[in-house]
Amino acid sequence: MLRGIIRGNIVSTRKQDALVGSKFMEVEIMENGRNTGKFIIAVDSVGAGIGEEVLITTGSSARLALHNTNTPCDAVIVGIVD
Amino acid sequence: MLRGIIRGNIVSTRKQDALVGSKFMEVEIMENGRNTGKFIIAVDSVGAGIGEEVLITTGSSARLALHNTNTPCDAVIVGIVD
Amino acid sequence: MLRGIIRGNIVSTRKQDALVGSKFMEVEIMENGRNTGKFIIAVDSVGAGIGEEVLITTGSSARLALHNTNTPCDAVIVGIVD
Amino acid sequence: MLRGIIRGNIVSTRKQDALVGSKFMEVEIMENGRNTGKFIIAVDSVGAGIGEEVLITTGSSARLALHNTNTPCDAVIVGIVD
Amino acid sequence: MLRGIIRGNIVSTRKQDALVGSKFMEVEIMENGRNTGKFIIAVDSVGAGIGEEVLITTGSSARLALHNTNTPCDAVIVGIVD
């Protein structure tokens, strides 16, 4: 899993039907408490907002965090770090 | 998921039957609004064209965006960024 | 699989229900006995603690090490190196 | 998906039974028409040869291009670029 | 798939039950016949030993090379290069 800080959100009107309603966040990955300058786009599943530190699950496992597990998505925010 | 800009398309006449009709796009990955100089090949599923900014899903989740979910493809354009 | 040393743990109160009770560890990846300065977050499944050298399985295979194989998790500590 | 040029082939006599008959190719990955100096090993499924530019699918999706979809293989050449 | 040379083995007494009996090898990845200085841990399935050049399958496909395809393992040595 990845740890990171939400830096922004991305708006996409024309997209796959299964992604309608998804909140796309751009997250800067952190390692050992430091920003890395690397980013990933993840769908939020826990109500996280910009500036919050989060945990991200990638790959097929990510879909298990969504209501529709057939969503074509490979990265989901699954937790907010305290 | 990845964010990027479509830089070109790739034509392949001799390919797996399940890929016939697929539009292969070469996409430059962006992070935090900057081009990275890294590229990925993705199949389009939303009618995206060269120069458009898009969202890409990779891995087994990518196939869920295609009509034939048994297509041997690991990256699909699933949205166009506004 | 990856080899690494557990450097810390991460606390997340607001998270996916299926992750409640998971112990999130931040692990520094080692290659050939050397620290790499790269980190990954993994859920512990073998009672490993900070400072221990461990083996990590990633991707969908990671879930097979958890009681609930539908947990949205993509990295699990599956062994402690002697 | 990845784009690359086949640079060589690899011979392995002692291998998993399900891989008998597979043609292992060493492919140099290209990005935006430039060689990257990075290589991957992929099984051919379209009759590609050394020097040809090809498309590669990785991960579990790769297996869908093979006759035996239970082959322990994670990268397959699925198309030849014109 | 990856190509590499087995540089050592790793002993882990406390591990997931499904991994008991697995031989963990540390493999240096090669690209185009050159050592890369990058390493991966893979379970052997073909009787390979230290110093031998091997092929590795990663991800969920790796498990198809093991007797127990539910083993929480994401990298398996599937062939020995001649």
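List of remarks:
Lettered A, B, C, D and E in written order, each chain numbered from 1.
We take it that a contact is a pair of C-beta atoms (placed from the backbone, for glycine too) under 8 Å apart; a residue touches a chain by one contact, two chains touch by 3 or more.
None of these values were measured; they are calculated from a predicted model.
Counting only chains that touch, the fewest steps needed to get from chain B to chain D is 1. Note: Cα superposition of chain C onto chain D, rotation of 145 degrees, nearest 5.
Note on chain placement: the centre of chain D and the centre of chain E lie 19 Å apart, centres being C-alpha means.
For this pair, chain B with chain C, the centres built from the Cα atoms lie 31 Å apart. Among the residues of chain A, those touching two or more other chains are numbered 59-60, 62-63. Chain contacts here close into one cycle, and each chain has exactly two touching partners.
Taking chain C first and chain E second, the full cyclic order of the chains is C, E, D, B, A. Those residues of chain E lying in contact with chain D across their complex are 1-3, 31-32, 45-47, 55, 57-65, 76, 78-82. Those residues of chain A lying in contact with chain B across their complex are 7-8, 10-16, 18-19, 24, 26, 28, 37-43, 59-60, 62-63, 70-75.
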